[in-house]
Amino acid sequence: MIHYIYLSVVFPLLGFLINGLLGRKIKNEKLIGTIGSGSIFLAFIVILVSFFELLAMPADSRSVTVPFFTWMNTGELNVGFSYHVDQLSIVMSLIVTGIGFLIHVYSIGYMHGDRAFWKFFAYLNLFIFAMMNLVLADNFVLLFLGWEGVGLCSYLLIGYYYDRDFEKGTVADASKKAFITNRIGDFGFLVAMFLIFLTFDSLNFASVMPQIGKVGDVGIYELIAIFLFIGAIGKSAQIPLYVWLPDAMAGPTPVSALIHAATMVTAGVYLVARCAAIFALAATAMMTVAVIGLLTAFFAATIGIVQNDIKKVLAYSTVSQLGYMFLALGVGAFSAGIFHVMTHAFFKALLFLGAGSVIHGMHEKQDIRHYGGLQKYMPKTFLTFLIGAIAIAGIPPFSGFFSKDEILWDAYANGGLLFWIIGVITALMTAFYMFRLVNMTFLGKPRFDEHHTHPHESPSVMTVPLMVLAVLSVIGGLIGIPEVFSGEGGNVFKSWLAPVFADANLILGPHGAHSHFEEILLMVLSVAGAAGAIYLARHIYLNSPAIATNTAAKFKGIYNLLLNKYFVDEVYQKTIITPTVKLSEKFLWKQADNKLIDGTVNGVAKIITIIADHFRKFQTGVAQIYAVVMMVGIVITIFWIMSRL
Amino acid sequence: MELAEILFLAFASIAVVTAIFTVISRSPVISALFLVINFGALSGLYLLLSAQFLSVVQVIVYAGAIMVLFLFVLMLLRPEKEDKYFVVNRKMKIFAVIVGLFLFGQLAFAIFASDIGQTVSIESSRSEQIGKIAYIGENLYTTYLFPFEAIAFVLLVATIGAIVISKKKLD
Amino acid sequence: MDSTAINNFNSDLAVSLSAFWSYFPIVFLAGVILISIAIEMYSKSSKKILPWFTVTALLACAYYSLLTVTDTGVYFSGMFATGGLTNIFNFIFTFGGAIVVLLSVDYIKKSGIYYGEFYILLQSAVLGMMMIAGAKDMIMIFIGLEQMSITFYVMAGLNRKRASSNEAALKYFLLGAFATGFIVYGIGLMYGTAGTLNIDFVFSNIFAAEKNLPGIIGILLFLVGFSFKIGAVPFHMWVPDVYQGAPTSSTALMATGGKVAAFTALILAFRPVLGTETLAVITPVLAVFALLSMFYGSIVAIAQTDIKRMLAYSSIANAGYMLIGLAAGNDYGIEGVVYYLAAYSFMNLGAFGIVALIESADEKNLLISDYNGLGTKYPVLAALLSLFMFALSGIPPFAGFFGKYYIFIAAIESNLTWLAIAGVIASVISVYFYLRIVVLMYFGKGESQVTPEITNASLIGIVISALLVIVMGVFPGSVINLISNF
């Protein structure tokens, strides 16, 4: 099956084509949903079987390139739709298709009765198609194609309710913001691609990877790494380009779960991990990655504490968790970063889908101040959401604990104490705002009008995916038990990915020596802190809500700063957007474009038209003249050739 | 100068002169008559190249059959003088003649300036064979079998084309 | 003839006959022509049978050609080859021919040339093209060319009632005969110096002798004659007049199959000498022809008001681009040209198909201004025409882009960067007149005045062309791989 891995790309494409072309005619929601989910399920099966085949191979040969067809080959540039299956790409594909499938199933219930049900599924399938190209690509061009493809799908799906209002603008504005912000990152990625081609004369992983470190000097690796990271910043919503992700919540909730939490936003992490060897050679770039990741994690968490929209909290939480992943990559813990991608995909998809279930049950209301006591109305959603929250808070043995702890430990071991402290504070804040969310939503007394609003549990087509994800969130971490407990090589996940990062780790060298005691001590500290934060959240929001309002009142300045997300959007508006618009309108459009460029273009066009009119007069329609022209041509040609011989 | 050369020059000049007259003559009938003479001269040239069969075929088929048919048709149709159909553009005409002469000069130069005779080596036995019907027949049905069949379709499509263009009423 | 010669011949013929299935398509098509004549003679409903019979036969040929593409061989005493590029060209000819039939079915009814002979002529033209594609001998090239050209002369003048059609036919005939004269003279000179007509031998040995001026002039005249057939500047003058005057469906065949066939001859001739000094003598000529064609075609097309004339100039410009591929004189160039020929064929078939649809019975609605506002009235037609215009102007992801891309890359590979740059500039100029139509269709003021009857057969033909243009644009590598195998 591994040699038919392209089927996992073809199935979603087929689903997209069927739903996209015929969906409007089919009308039957069940059929459309079955086609949409079924195509992803088939892709998942393909990936799963390939995974087991990969597992059966010897560890050092678990890397297969499957050519599908050549797209274009000219001289040095040989680009094809060929797929690269190795430990890293198979993990990513499992996440994409597995979680993708669950979310497709969930969407059948969530989008029930939507005006363009077929379009939604067509877009989702197209997204999976693009995402699979992204993770399975064996060259940068195909990866970029997938990269742009997922960006496009994200744009389409954020703007799915294009005619609704969203915050201060419309949904369409939110989708535009996402698209434009992403384009800035894409520019970085493109530059990196050019640099890679200049340095290695190729864009195929198979020929670039072995050359890393053998050609070019350190400077070029720094440059490539920085530009790749700019690409990753855009797609994975890091400082300073994270602003689009919270606004992306304008899309339907399953989209937020699939694209803006579990899969697409981790593409940047995947890209950096894929190019780990390049980053390993670029110390400054690595440090930049770590610092940006850490800062993003921290600041997004602070914003998350005060948000009142259930999806907004989760959005900032996602930004924060993505920051963790980059922190891991930046300190050289590549497999820890990917591990967190996986566990985060489980619990964040779970949380988003749970939030979707709540929103569904509460008739599209999203403000947690008007929730409360939903536990009795939607017990299944509550239980699964709680599991998700425990997982993200980092309580053992839930999955989030293992991945987060591994990152924190590596941050300490390779980055120093400061990294660890900020990381732990972020983790505590995470635990706090997640349980703020749980308490305000499900526990306590209802803060909505129970006579008018009748919350209801979602249908099983929605709750079953929740349960599956909940199980994964509980046990998913067990494949990555720290070596301090499981012994050398006991971290299954790490050993599985080890061959992919072997080059990078070789360049980086071994970790600094630290004792087991240190590791266990830090672990206990962070778990205790998280438990404390959970308790605090319960105390404040369940027992004495006054504390929260009092604190907010006391630190009004800080509270407003956080509530308004540090005014970053406003700052961008003032410093970048408005001046750019003005510049383009006043100068580029009215002066440069209208006068200079249009003038030149029109002038050239006029001259060409005049020439054309003159030439046209040669065409008299008299055959004899045509013959004479031919003869003249022949005479001149022969004369020329004779003179050259 | 040998007899063959004298004959060659004679036939060649007749062929060229009659060809020119065929083109410049304004009356179709006279043109056709010059063409008959031209064909005659050509058949003489074939004979000198020891292609006696071709020479005879040239006379029988072209000069004999086709040109006679031509002349019959022309006389029956009695086409009017063509003067009025031509746009007379003296300057262009003179220019065309000059260009034509120039081209002729170039080709002549190319042929005479090179040592072309040395590059060609056809066995003399073959050149004697060329005129014989048996040789032509054998070659047509062996080496040139495929082109021979193919050219049948050229004739076929020419016939169909002539019918399509000239048939009085097509339904 | 002595007995060894006869034995040789017998064994050769035995080989040829046993390989019957290799050259089956051309024999099959010849048979189809004869059967079509019989149908036309004896059947009252021949006009209903013939188009579909022709389409089926041509598609069968196309399919068979692709099926046996790896089946290379030379038969009939080195006269005729099969497999490889020959079959790829055959595919273009037969598939393109089938599309022309689809486009013609209703067009010829509309424009009063509803003759069954039309299909027989079309089959004959395709047969001629296939003869050229398989030629291993100058004689075959010449016979194939004549077969095709004679058919085209007739097809151009098919609309006997119209002066423009008659004029086109006569002009094409006179000038075509003139060009053929040069080709024959060139072949004669080559035979005179090489002593054989075998293409590979002639082209690879003609420069072996020192100062073989007649041979080189022969090649040059051969090249000039075919430059006339492909419509390269300065031998292009007939193209606009003939394309405009001929019935549109005939023009579609001339502009695609005819041009591809002429290029085929050039490719066959120059392929044996790729990368040698031999070709280096000729390439500057090709480069200059290419340069002149691209710019003349692109610039003069801007001044046109008639869409068929505009497409004619566009085809002159396209001949220029393809000549770049030949001038590059490397394998990439040939691959690029073959790819571009296929792409060009389907782009133009689609464009002419739509022109034929829009055209009214009295040959009206052929002005570019008649396409004003088509976008709102006939969205499907307008979208398809836009697609072909985008493809022709070389905008990715359509086939036209990759055609130009491969050719320009080939030019750069053989140090003809200036020519590639010139090609890009000419492409930019050409965008103006291609997109003008798109702009007119969608943003033109006023209502569309045309009332075409959109028939199924034409639409199928156009849509198939569009699909091919897209597929070739999305999977250019696969197509190039197929071509580069041979």
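Chains: A, B and C, in written order; residue numbering restarts at 1 for each.
Simple rule for what comes next: contacts are C-beta pairs under 8 Å (C-beta built on N, C-alpha and C of every residue); 3 or more make two chains touch, one makes a residue touch a chain.
Just so we're clear, the structure is a prediction, and the values are computed from it rather than from any experiment.
Student: Determine the shape of the graph in which chains are vertices and touching pairs are edges (line, ring, star, complete, other).
Tutor: It is complete, because no pair of chains fails to touch.
Student: Which chain is most central here if centres come from C-alpha coordinates alone?
Tutor: C
Student: If you tally contacting C-beta pairs, which pair wins, B-C or A-B?
Tutor: Here the pair linked by more C-beta pairs in contact is B-C.
Student: How big is the gap, in whole Å, between where the Cα atoms of subunit A centre and where those of subunit C centre?
Tutor: 48
Student: With chain centres defined as C-alpha means, what is the inter-centre distance between subunit B and subunit C in Å?
Tutor: Computed value for the inter-centroid distance: 30 Å.
Student: Can you check how far apart subunit A and subunit B are, centre to centre, with Cα atoms defining each centre and the answer in Å?
Tutor: Using C-alpha averages as centres, the distance is 78 Å.
Student: Could you list the positions in subunit B whose residues touch two or more of the other chains?
Tutor: Residues 106-107, 110 of subunit B touch two or more partner chains.
Student: Please output the residue numbers of subunit A that touch at least 2 other chains, ranges allowed.
Tutor: Residues 625, 627, 632, 634, 638, 642.
Student: Give the residues of subunit C touching no fewer than two other chains, as numbers and ranges.
Tutor: Within subunit C, residues 211, 213, 217 contact more than one other chain.
Student: Quick one: which bits of subunit C touch subunit A in the complex? Just the residue numbers, please.
Tutor: Residue positions touching the partner: 170-171, 174-175, 178-179, 182, 211, 213, 216-217, 220-221, 224, 228, 234-235, 237-238, 240-241, 281, 284-285, 296, 299-304, 332, 402, 405-406, 409, 413, 429, 432, 475-478, 480-481.
Student: Across the complex, what residues on subunit C touch subunit B?
Tutor: So the residues of subunit C touching subunit B come out as 1, 5, 9, 13, 30, 33, 37, 75-77, 79-80, 115, 117, 120-121, 124, 127-128, 131, 137, 139-140, 143-144, 146-147, 150-151, 153-154, 157-158, 160, 169, 185, 189, 192-195, 209, 211-215, 217.
Student: Under the stated contact criterion, what part of subunit A meets subunit C in this complex?
Tutor: So the residues of subunit A touching subunit C come out as 69-75, 79-80, 605, 608-609, 611-613, 615-616, 618-619, 621, 623, 625-627, 629-630, 632-634, 637-638, 640-642, 644-645.
Student: Can you list the subunit B residues touching subunit C in their complex?
Tutor: Per the stated touch rule, the residues are 106-107, 110-111, 113-116, 118-122, 134-135, 138, 142-147, 150-151, 153-154, 156-158, 160-161, 163-165, 170.
Student: Can you tell me which positions in subunit A touch subunit B when the two form their complex?
Tutor: My answer: residues 622, 624-625, 627-628, 631-632, 634-635, 638-639, 642.
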